[in-house]
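Chain lettering (A, B, C and D) follows the sequence in which the chains are written, and residue indices restart at 1 in each chain.
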């Protein structure tokens, strides 16, 4: 028992003081799905393959929308994408108030983000926190 | 006649669950008691029944792996991999060596994480908070390794038909093995606590005894069966890379809660041993083969060894993108008759211990 | 020490079930599971048994009006599977040792897994001939 | 009493999740994340709980259980729905035995995304729920004060009328 007490005296606490100390994320972590929208051809393959029905694509309106809360971050959409515009970010989506509807989904619109003829810079508009 | 004279009442039925502080998951038991002794236990399940076997009608057979991974959050990778093995058997695909090695690595990682988790919950059922916290502190390193190599803490998300979807570098794996060294030492310390601490021995020894014959006859699987002295481990089938590694099957003979605890604690050591060998002999090359087209008409049965015991997958295809039938027989489902038998004859206060030492996974059971 | 798994499939009739199961029990086989697959004409039941790494399957088909004897007098542990199959597929299994009376899962809807559209006995229908997986 | 929001008690119930989020909720309480730093304690008793952590979607068998637990909790109370399943049903949303997200049964205050939700996200959600709890408590106090005032006023009017009646 004395040994345990002695050891505990000299070891660091096991707790990570989370809001103040945030562990850097691993490279492989499944965090959230990002869309490089100018490359997107709105083919809706991602929506078809999504096991949680989190992605909505409306080709006529030029709309691509992902519901961050319904998304299970499995990566099925990334594998299904024919133009490889989808990617996995290792930063997690954060918990938000339900009343905060705009933060709930993340939307890309053709009206504000025109399609790029060739691979271009990443989509404008930071993905929501 | 006054109320005091009304002694020796008949059997009393006490409901246990679905919301119970000891159970992380809803499970309902009607315990029929004579005084303090349980004379019968009638389980009622269905609180988590989702009916995910029917989802194969709606999902592409390649996408269904993401549903299969979510049959259970504790043995998630093994469920995904079991489904993949079944589909690969159907398609006649051979997974590349590196993919098979990585699968074995993650299976064993999951076993360590599950057994440490169980050790914590088992200690919690005794009111031994200290051991609970110590086991879960050790487990954090293991789930960190899982996140670093596979991408998820509990739902690994790396199973894929034809192989695996993540390819951690050899350096990463070596670093992970080194990072888990303290966990090994900690596990040995915890094993020592389980074996020698009088609190644990008092609550576990001689409680919930299941004889060898009974365990075999009732179709128990996994640590439940091995704690009763039956040497049965489906890893001996040699799936993934188990044919290429050396390990021993842990058995105990007492068949009580203590034996079940010891089987799990000693299995952790074996899992570390397997992971060492896997990382030392990791072959290079691709981790997956591309899978395209329709599955052929046919069926396949695959058995794996999960932390909780033998699991059985069945897939049948009718030649379309949606499978005709998917079936998973999970270990806890097979263990329910044995659990009811072990609870019978115990005193009421021991019921949570006994239920937890079979390591129930209700979301597996009900699917 | 790796043991090769041997899978065998035997097609039987409903009447053969109990004698076959008795013989398996005497040889020391353990019950692994009971599986039901629903088709438009009949439900197909597959009983799996294990002995070491050997894996044996007994398979037969029953129509929606046919009854199947319970194997719980031989293998008590089969009661969960039989209750489940009766609830979800509507297979008429008689005299289960531990009978839940249709309350195993208490699911929404009646017989959700059943795809049987043709009612009546299916005495003549043979077990479906399915190609075994390559590893069998 | 300086406020429940300083030490909210939690109750956890697994509606029909796959277990992944449940073990992450438990991981929040263990040394690495240690939600007890925020004054939280997980209790098994809904009558003592302020924040309801619920994982998984609902099915018709557990709807009464969820409702029952929610109704037993004292006002003010907050509900944290953890994981994709608690939001829409996640990958199981099309299963025949699933009746959708938790919001179909009880009002939800905070959603925690992820599958399985990360302990950090769950801690964020609990902290946010504690803030919501404080707001609810304030509004509850105001409404109670107004109620009391109204009652007093009604009494006075009634009493006055009685007195007046007595005089006449």
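Observations on the model:
Throughout what follows, a contact is a pair of C-beta atoms (placed from the backbone, for glycine too) under 8 Å apart; a residue touches a chain by one contact, two chains touch by 3 or more.
Since the model is a prediction, treat every value here as computed from it, not as a measurement.
Of the two chain pairs shown, B-C and B-D, the one joined by more C-beta contacts is B-D.
Chain centres here are Cα averages; for subunit B and subunit C they lie 25 Å apart. Between the Cα centres of subunit B and subunit D there is a gap of 32 Å. The centroid of the Cα atoms in subunit A and the matching centroid in subunit C are 45 Å apart.
With each centre defined as the average position of its C-alpha atoms, the distance from subunit A to subunit B rounds to 30 Å.
Multi-chain contact residues of subunit C, defined as those touching 2 or more other chains: 105-107, 112. The set of subunit D residues that touch two or more partner chains comprises 31-32, 59, 61, 90-91, 94, 96-97, 115, 118. The residues of subunit A that reach two or more other chains are 14, 51, 72-74, listed in rising order. Inter-chain contacts, as defined above, occur between A-B, A-D, B-C, B-D, C-D. By the touch criterion stated above, subunit D contacts subunit B in their complex at residues 12-24, 26-27, 30-32, 43-44, 46, 56, 59, 61-62, 65, 69, 90-92, 94-98, 115-116, 118-119. Across the complex, subunit A meets subunit D through its residues 13-19, 22, 51-54, 67-74, 92-98, 104. Residue ranges of subunit C in contact with subunit B, taken from their complex: 1-5, 7, 30-33, 35, 37, 48, 52-53, 55, 57, 75-77, 79-80, 103-107, 112-113, 130-136.
Contact residues on subunit C toward subunit D in their complex (touch as defined above): 105-109, 112. Of all residues in subunit A, those touching subunit B in their complex are 14, 26-30, 49, 51, 72-76, 79.
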